[in-house]
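The block underneath contains the structure these notes are about, expressed in structure tokens.
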Amino acid sequence: MSEISTGPAGFAARLRAGHRTVGYWVVCDNALATERIAGVGYDYVCLDAQHGLVDHRALLAAMTAIDARGTAAGMVRVQANHPFWIGQALDAGARGVIVPMVDTATDAEAAVAACRYPPVGQRSYGPMRAGLRVGPKPAESDAEIACLVMIETAEGLRNVAEIAAVPGIDGVYIGPSDLRLAVGGSTSTDPAVDAEFDAAVRTVLSAARSAGIVAGYHCPDGASAARRLAAGFTVVSVASDLVHIEQAARGHLADALRPPGS
Amino acid sequence: MSEISTGPAGFAARLRAGHRTVGYWVVCDNALATERIAGVGYDYVCLDAQHGLVDHRALLAAMTAIDARGTAAGMVRVQANHPFWIGQALDAGARGVIVPMVDTATDAEAAVAACRYPPVGQRSYGPMRAGLRVGPKPAESDAEIACLVMIETAEGLRNVAEIAAVPGIDGVYIGPSDLRLAVGGSTSTDPAVDAEFDAAVRTVLSAARSAGIVAGYHCPDGASAARRLAAGFTVVSVASDLVHIEQAARGHLADALRPPGS
Amino acid sequence: MSEISTGPAGFAARLRAGHRTVGYWVVCDNALATERIAGVGYDYVCLDAQHGLVDHRALLAAMTAIDARGTAAGMVRVQANHPFWIGQALDAGARGVIVPMVDTATDAEAAVAACRYPPVGQRSYGPMRAGLRVGPKPAESDAEIACLVMIETAEGLRNVAEIAAVPGIDGVYIGPSDLRLAVGGSTSTDPAVDAEFDAAVRTVLSAARSAGIVAGYHCPDGASAARRLAAGFTVVSVASDLVHIEQAARGHLADALRPPGS
Amino acid sequence: MSEISTGPAGFAARLRAGHRTVGYWVVCDNALATERIAGVGYDYVCLDAQHGLVDHRALLAAMTAIDARGTAAGMVRVQANHPFWIGQALDAGARGVIVPMVDTATDAEAAVAACRYPPVGQRSYGPMRAGLRVGPKPAESDAEIACLVMIETAEGLRNVAEIAAVPGIDGVYIGPSDLRLAVGGSTSTDPAVDAEFDAAVRTVLSAARSAGIVAGYHCPDGASAARRLAAGFTVVSVASDLVHIEQAARGHLADALRPPGS
Amino acid sequence: MSEISTGPAGFAARLRAGHRTVGYWVVCDNALATERIAGVGYDYVCLDAQHGLVDHRALLAAMTAIDARGTAAGMVRVQANHPFWIGQALDAGARGVIVPMVDTATDAEAAVAACRYPPVGQRSYGPMRAGLRVGPKPAESDAEIACLVMIETAEGLRNVAEIAAVPGIDGVYIGPSDLRLAVGGSTSTDPAVDAEFDAAVRTVLSAARSAGIVAGYHCPDGASAARRLAAGFTVVSVASDLVHIEQAARGHLADALRPPGS
Amino acid sequence: MSEISTGPAGFAARLRAGHRTVGYWVVCDNALATERIAGVGYDYVCLDAQHGLVDHRALLAAMTAIDARGTAAGMVRVQANHPFWIGQALDAGARGVIVPMVDTATDAEAAVAACRYPPVGQRSYGPMRAGLRVGPKPAESDAEIACLVMIETAEGLRNVAEIAAVPGIDGVYIGPSDLRLAVGGSTSTDPAVDAEFDAAVRTVLSAARSAGIVAGYHCPDGASAARRLAAGFTVVSVASDLVHIEQAARGHLADALRPPGS
């Protein structure tokens, strides 16, 4: 593995090789903050276009901000599994996509096809911003881009072995909120289905191992990311800027109102 | 003081009455996060149009987000001491302005004039968004809007007594970074001028007391806000979303990379 | 019905219960005006993402403006019947969606699935802004969100009985311009097909009644809304800000140019 | 006057010649609606950068929309009497500016200087968008641009004769809300000062006549515009899109809720 | 052909009649520049929503800018072959769409259906901006809008005869970068597959002729556009603003650094 | 001079040392294009906030794009000589400002004061984006930022010796369009005043030499930049993206329409 380049250019190769890959999850359209976050040492910063505020304009601004720091790879959790949205993220310079709600091997094949140029896939050529940094040859670009698919539905969980076995899929990525609802939770954190949820997590991890690909996990904080790394996940995201800023504001208010001497 | 209404409408009255007033300082154009921050219990959220990213579009979005939560008052640290910028902040619905770089009593009089309608001042009428919530009568609007001026230059410090005595000024507000440079610091946190800086802070506090107005302080975190409250400041801002999100991202990364069991 | 809460939180329940529900239709990206409109007494304000200017950024701004007034429910006529677009509207805080161009029961089932969390549907969890106000539990959120489908094509008209019978559909909503073209009109207001059009309207209304759901109608002004209410429709929208502002400008010009004494 | 060209190019000449000039006042950033409004027959559409939402981006979009209809002249009520703001409006293609809060002849001279290129004034050259349509020679551009100053303060009223006499001023324009406060009103529509207000209006009109320039008036609707035209004002604006859309929404709701047969 | 109107209104008719039609390709969101480009004499300006930066907001701004010049027709290369995206481009006032990645006759039929109102197709009625200029009757609108489909995949090339024969398709349009990859190129300009590529071009041109429709070609500069016109293509785009501005900047730098006298 | 660092950090030092400094002038809000332009080899890219479209949002996006390439320094021609506008450009990360319309030594002193922190000047501390790259210590920041003032009015020309002698001014910069009008031109390129204009240019150049500072010139193309470099100017800008893209579009159209074989 010594030939994997450090820095953003080697991101997909390191991810595939199973290196520990820690990311930060951005849902806000806030390029100035993203520029700062991108410089603290994460391997990647993932921009959320599904549930976040990352439209195309925001995506370009955030990718540019990430590149201005030069150390993290930009990833995108795309709006949905559609070639236009995947292509747009990649044209903006993303070095990886996380595709939500993948239910079947057919879905996974579509995700791969959208990430890879012919003859491997059907990505359309027009790397508007990416051309400056990724590739630039199609085959090089394919090699430098990671394709992760989210396992977060009952159907996706049932089909995870087939999904993980689709050629070109680099990893499966657990969306715990949706997955908990999928196994019967009444809320996204419902402890009543802990057993079912933990079993589902083991199923996904095991499917990834059998297929020789990596497994990723969406975490609310660094400590849980550490636990998932210890459990065998190699790709962990810490989410999110929106939640963390609210937590910070809340914490500072408590400090400000604390009686002196307490 | 029992007749001061709770909620945003009574904000300026509570501030003038010397009630403890704790705010959060927003520099990012990030209305969704501002909406969340506005709901955690702060008395005000201050949008920074001088050094932050709060242009008019951002100002309207953020004020609307603050109002959607309904508990905090929106304030604006304006671009500069100019009637257009002060008026624009107030037209957007701000219940107070913090005017930077006020050096003289004349500057302070201009700030007041920009905040108040005739016959008190020269604010131009057109409360485009404010009309829904502040006032709506001119005299009521004047009463519901706080005017704070920043003491943060050598000249402002020399003139602080005269500035604080200007009728209509509701408070003086210390900008510690600029003030530390003003007293000779080589950086905005230079400890070599601690003595001069502390003397300057006492001068400002004392001028406020003599003039019967409040004193405010710009703080980097809740703990320092608590200390300033204990020292006699009644208006304290905790700054800022941009810095805090970077700190949070940094902290979570450290947690994620911490060896298990450490 | 006494237990239906007033205000936006009870909107979907009131709509389902057949209460008279009057809305205003916004096609412009103009949050300041939307904030004002949202305060005049409508039960809902519907933002048009299909033919209007409401992209995600505009949607968030408008939903925030509606919430800042606190009296109307925000609805969205979504871009198309796709889970991402429906989910994005709901994540922004919409309390109902109007799904255009629904042709078959299968289309209607897809619309329902996109509106409801598992196990009822397949909505993906991430209520970025909605979490502050709708639900927050998945089942509560499902209950607080109305799903209306538009009948406006020849195929949809043929299948309206099956569409109306799809579990989870709260109402059918007539798009008269498209429906008139669908029954053979040569323009969106062609009187030559009045008979066919009126028959189609009766068919839709009858299908809604048979299925025990409500019927909605898209109206150009308040007077026609009153007529549709009298005819049995319980959900009526008055459209639109873009047309009405042009009408107002035209009317004021005529007044300005009218000879004195006329 | 037969040589004054019709259409936007002759706007300033017609205004100066005392032709009846009727405008619509836009405060919203809503280019699509502005494009429609610009086509209904007004002589000008004025974009409000002082109290409205018209930042530079909005200004360019609105001016382009007005030009796309091709019949009305674009005007701008500028942020304040500063050469940058006046120049920016003119560079965007405005054929006239309305300068708020002009108190003295010196203020008026500054407004003129900002509108005219050397040797007449000090406008800086860079007609980024205007170059396509206005002028293009500096002297032609000067001739095609109207400069109106607002009389709306006590000081401005006192100095109106001197202001009106400043060479290059094409007209004085009454801002009635501010002017009513200036003459002692407790609100912008306070009837208690009707006598003082009416006297002030006569003073302004008379000063314009003495100076041989036109007088303008800011009106809330077409009927009052007709009255002001009849009284000798030749430039009347009908304001505004924001207010009129709220009125329209309110009116349609009343119609919708009116009992059948009433 | 004498009855084809000149100007944008006759654009589709001229294109269908095989008149030489030369366009400029815009990928940037830069309405001011687009307004200038639209005035230099091109028959159309095509806005790229697939690989470019043209979101809905940019589309409206650019279409307005094109209309403000009044000589070129606005076209849009849409995001993907989906009725919402095609409809949105047409509602904004586009007089033609170029639909990417059309692989089969079924794809082509879908593209046509999205461009035409019933009874010909299924376009939904709501010509928000287009209503001012295109049509306005549905059948007129259909006649004034050109529908071109891109042949740029291996599958599309195989099916080009069937695609070209689909009623309502006005032309096939070659995307050379994708097509070169499709015929086996290792880069978008790989000369190793020149023979295969040239054969593919002839196949497309021949299919167009057999079907009695026009053929279009995407060119990097004017000289290659001239060559394609000479070869029988009648619709040629010169791409793109992003590339050309970089080339211009590079060229001017070389000139600036050239030693004097060289 | 061997100790001057290469790259953006050494930009101001190289400029002061009289190194040849060639820049590109951007008036459009077009960060993607600016990112490309910033990589072709210019020493600086200057964003025009006076006559261009560079508002704060555009400024941040463009500065980030320039930094993402890493080779050019970002400069800003500010809106006007006001501390807020100068400070905002510097807070965004500009490594130099070009201040328009400087007429007197007092104007020049104000420009310097706005660029430098105390005790040298009065810049307010809050390097929101700049803190990541410029300085970060105040004195370092002062050293890394170039302050150029524009000589482009009759008054500025008369006072150029005094202006150039103001401590802290790094260079005078000729705005030829305004300067030509200032010396009596009837258009910005009027050849009738060539003699006066050339004399003015020599006066400025001579004043710069006497004061030991550099002289800059605003050029329409690379060839004229080369001529100005040869004449002793060391700072030359090539303007602008807006003009050059129109020229490119025009040129490609001529090529496309050229008869074959011509």
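Letters are used for the chains, namely A, B, C, D, E and F, taken in the order the chains are written, and counting of residues starts over at 1 for each.
The rule we apply is simple: a residue touches a chain if its C-beta (ideal position, glycine included) is under 8 Å from a C-beta of that chain, and two chains touch if they have at least 3 such contacts.
Protein names from UniProt, one per chain: A, B, C, D, E, F = Aldolase.
Since we're looking at a predicted model, the values are computed, not measured.
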Chains touching both chain C (Aldolase) and chain D (Aldolase): B, E
Far-end chain from chain D (Aldolase), centres as C-alpha averages: A
Rounded Å distance, chain A (Aldolase) centre to chain F (Aldolase) centre (Cα mean): 42
Cα-centroid distance, chain A (Aldolase) relative to chain C (Aldolase), in whole angstrom: 35
Multi-partner residues of chain C (Aldolase) (at least 2 other chains): 29, 32, 36, 53, 55, 60, 82, 128, 242
Chain contact graph, described as a line, ring, star, complete graph or other shape: other
Touching residues (chain side chain B (Aldolase), partner chain C (Aldolase)) in the complex: 31-32, 35-36, 39, 60-61, 64-65, 67-68, 70, 128-129, 132
Touch list for chain B (Aldolase) against partner chain A (Aldolase), complex: 22, 24, 28-30, 32-33, 36-37, 40-42, 53, 219, 221-223, 225-227, 229-230, 236, 238, 241-242, 244-258, 260
For the chain D (Aldolase) and chain F (Aldolase) complex, residues of the former touching the latter: 55-57, 60, 82-84, 87-88, 91, 117-119, 122, 124-126, 128, 137-139
Chain A (Aldolase) residues touching chain C (Aldolase) - in the complex, by the definition given at the top: 27, 29, 48, 50-53, 55, 79-80, 82, 100-101, 152-154, 175, 177-178, 181-182, 184, 186-188, 242
